[in-house]
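One chain, chain A, links the two complexes that follow: it is found with chain B in the first and with chain C in the second.
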Partner chain A sequence: MAPSLLHPPSQLSPGDALQLSQQAPILLQSSAGAASTSLFSGLLAAPETAALWIQYENLLLSCLRTGDQRAAHLCLERLIARFGDENERIMALKGLVKEADAQNTGELENILKEYDQILKENNTNIPITKRRVALLRSMGRLSDAASALVQLLDFSPTDAEAWSELADVYLVQGMYPQAIYAMEEALVLAPNAWNIHARLGEMQYMAATAPGAASGSYQKCMAESLKRFARSIELCDDYLRGYYGLKLVTNALLKEQNKLAKQSEEGEFSLPETKTIERLNELATAKLSEIVRRSTAQETGWRGYDKLEVEAARKLLSDEATAASAIER
Partner chain B sequence: MAQVPVQTIHRDPQLFYWILFPITLVMILTGVLRHYATVLMASAPKKLDQRAMREQRSLAHGVGVRSNFHVLSRPSFVARRDALTTAYESGAYLKDPERRGQAPPNPMSDPSSMDGMMGAMKNQMAMIIPNTLIMSWINAFFSGYVIMKLPFPLTIKFKSMLQAGVATKDMDPRWMSSISWYFLCFFGLQSVFNFLLGNDNAANQMAQQMGQMGPQGGFGPGVDPDKQFLAEAENLAVIEHYSVLDGVEDRLLEAIGV
Partner chain C sequence: MAADKGIVGDMVASMLWFSAYSYSCYSAQEHSALQSFRATTAALTSSTPTAASLPVDIVIETIVATLVISLGLVLGTRPLRPIQWNVWAGKLEREGPEGFLDSEGEVNKDYVGNPFRLLEARPGFVDIRKQRKEFAEWVKNGGQIQGN
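Then we have the complex of A and B:
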């Protein structure tokens, strides 16, 4: 899919982001005045659409990412001219540009103080709250970021973005149960999001295999991880991450199947039969190699996969193949 | 069967330029004016303070957990259910916990709900005043004329609608009076306004009336949040938990097959 300015650019590869930000001069010229104030020309000109302002916002983000500060400032000026200084979203964008302009930690501290000031005046300003969290995180103050997020989620518990950010903050600190809890909250808000299901599976797998993890919970975590990956594949056919995770989990389970206790506690997920695990492993292997083969051959309908993910899947498969041949010898 | 003779009325051709055209123009201009007046008068949506937002969204959180409980495993669902029901029952999420159990305040005396009513009032006024003015203007200047003949035949039922103000019994319903033209414009200019002002304009009165019927987010006036919290706690408590992850691996193997 070609990159478009109508989608938020956070997931784009560096090349695509660069390509987008190079469109900046064209877009900035083509809609020169943008906000016309006179009534007459307002009647005659094409009606203003929300798409234009979304484009400006995404262009601003892409330009900041590629270091085109001049175009970013131009976008910001137009957004301010249209929506005013006091708009919450504009305030967050202004803060973002300032953060990008900052040269050293002292300036960042000043921006942080400004955010605190804004929040003191209006403590429901969610965009600024999120900017503050992001700034704290990028300054390395992870526990502050986590507690700010917890505060935000106390008065706005239906914010899936904040929950998943919180999960990520906990995860990098190695606090797996908290991260899983936060991710589950995001899943409650978006029950059919296959990527969140797969992410939860990954978290459970990490929690199970992390050094120092409680050995009692190993089996429970692995069981849930396996089920989460299976659910994500059920929701999205040929989902590479889902199959990759399924393969990893079933590999680990098959390797130590004799160590596993048979019975688990009431109400928790129990591992499926060894035979089922084997079949799941076979399925994942078959599907992964199909995805790798077809997406490498650039067949139609198989092109959307991330290159790095396909590469990782190929590596997983070839590692296993060499291990298997070593055993045979 | 005798052929009904075609009625002919000799009209001054100038009628078209001096009545039909001005009425249409005035209608369009008032529509545009009304749109801008509404935009100018619109008060910014009222800001919720933190505690009110917390109250609303906590309830929504409970509703979310209740409707999507199947994505959770049993232990994590039970933990959430217990935490939520305890908080709901103790009133931890209420905006002002000390008012708990008292009758809800009278919406007429609450200044915040007064604001909303004023807004609705302003919109009504922006609609009623110009309509009254134009109507009396047309009545004063142009009443009693037949101004045009529609190019298509109509049944007799349309007579009262199209010939309002012209009390002639035998006249073909195709003849139209000025006040009827006004009504036609009144109802039929929506697409013109869409073209001029964009899709979500405030020029048309029909759309506005529809909008007022729409659902109001959050707690309406006179609803006791405490009662809603208690009802939600009960809803959560009666859930029979199952998980979508139960047997998912068998489902997957069956669906895809090895």
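Then we have the complex of A and C:
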């Protein structure tokens, strides 16, 4: 499936990004009239649509990524000509182009000062606040980025994207409880997001199995993780990521069931019975092998999965099979 | 390809049914033209022949054609989109864009994939310098455009 310029390119593979940025000359030429400020060529050209400007923005992002600075600057010029210098979104895009152009740390510091200057005039400029956080993070100043994010969330607490970013910033620093808290806030804002449920399950699993984790929290984290993965599957049939997580968690729990059985905390979500865990494990195995089989065979209606994810699931299943046969011997 | 054949077959069938329907319209029109012709030859001033006096065979023809064409349209439509959250989400994950084609076989314009993916991709916080570095790495390692 060819990538579309109408969707944000942030998750595309490098190949897809290159393919998109190679469309730049065509788009820039064909839409020159609609973007023009002169009345005459504006009248002659095809009518301007909202999709055009989304395409420009996404093209700009792809070109920046592939290093096509000339096309990126042209996109930016046309966006500025259309929406003006003062538009908050355009200001953020301008900053983004400058960040990509910067050669050394000094220039980055200057951009950071510019952001501070803009925020001094209007401290509720959300796109610029987000750029500032991203730049701080990119420069390795994680704790500054986290505190800037907390400030942003202070005046805009319904921004699920920011909560999710905060969770990620905490996660890379190994601050699991804070990361989980922030992710739960994002989930409050988007309660049906199956991928966020799975992400939270992964975070809980990481928190439980991290080297320095407190032993008391192990069971609680695992129980939470199990619950999150189960919820993600409930929200989305045949969800590969959810079943993968479920398989991983139930495997770990079944391996250590003797240790776990004795402790039980009151008031918290406790683990289900071993029998239930076993059945969940069997379900996950069955579903994963079905997905792997049909997706590898390229059956109609099963081609939407990510190849790497299917490969990982296949590996998980075959590892378990070899381990089981080793025990039998 | 099977889907294409199905669409063409559906179109042919509806056209046949539609021709049955238009034939009954034609019969009714001819009948009323004949009536008005008779009326004028009888030198009556009334210009509107009574529509209620259509012969029974034309009425039956029209009703049957209407029923058949409705049935054909209902049976010939593409499968309806899922309205249950988990079924819809499962279709998104399992089939990707292929599951959301319109009647011309193109991916629907409003298809966006998983709308919550943005919460993980977070375009507002994109680290463009890291992306550039990764892209340069990829080119250096002889990257190829996949999926072509």
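To be clear about the criterion, the second predicted complex is superposed on the first by the 311 of 329 C-alpha atoms of A that agree within 3 Å, B and C clash if a C-alpha of one lies under 4 Å from a C-alpha of the other, contacts with A are read in each partner's own complex, and residues count from 1 in each chain.
Here is the rule we go by: contacts are C-beta pairs under 8 Å (C-beta built on N, C-alpha and C of every residue); 3 or more make two chains touch, one makes a residue touch a chain.
Keep in mind it's a predicted model, so treat the numbers as computed, not measured.
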Which term applies to chain B and chain C once both are placed on chain A by superposition, clash or fit? fit
Which chain makes contact with more of the residues of chain A, chain B or else chain C? C
Quick one: classify A:280 as touching chain B (first), chain C (second), both or neither. first
By the touch definition at the top of the document, which applies to A:194: first (chain B), second (chain C), both, or neither? second
If you stack the two complexes on chain A, which partner ends up touching A:144: first (chain B), second (chain C), both, or neither? neither
Looking at A:65 after the superposition, I want to know if it touches chain B, chain C, both of them or none. Which is it: first, second, both, neither? second
Once chain A of both complexes is superposed, is A:309 in touch with chain B (first), chain C (second), both, or neither? neither
Just to be sure I read the superposition right, which of the two partners does A:114 touch: chain B = first, chain C = second, or both, or neither? neither
Per the contact definition in the header, classify A:230: touching chain B only (first), chain C only (second), both, or neither. first
Scan A:320 for contacts with chain B and chain C and give back first, second, both or neither. neither
Smallest Cα to Cα distance in angstrom from chain B to chain C after superposition equals 9
Once the two structures are superposed, pull the chain A residues common to the chain B and chain C interfaces. 234
Listed in rising order, the residues of chain A that touch chain B in the complex are 39, 43, 47-48, 122-124, 154-158, 181, 184, 187-189, 191, 197, 224, 226-228, 230-231, 233-234, 267-269, 272, 276, 279-280, 282-283, 286-287
Give the list of chain A residues in touch with chain C in this complex. 1-2, 4, 6-8, 10-11, 13-19, 61, 64-67, 92, 96, 99-100, 102, 127, 130, 133-134, 137-138, 160-162, 164-165, 168, 186, 190, 192-196, 199, 234-240, 300-305
Chain A-touching residues of chain C, taken from the complex the two chains share: 85-87, 89-99, 107, 109, 112-114, 116-132, 134-136, 138-139, 143-147
Could you list, by residue number, the parts of chain B that touch chain A in their complex? 32, 36, 47-51, 53-54, 57-58, 60-61, 64-65, 68-76, 196-199, 243-245, 248-253, 255-256, 258
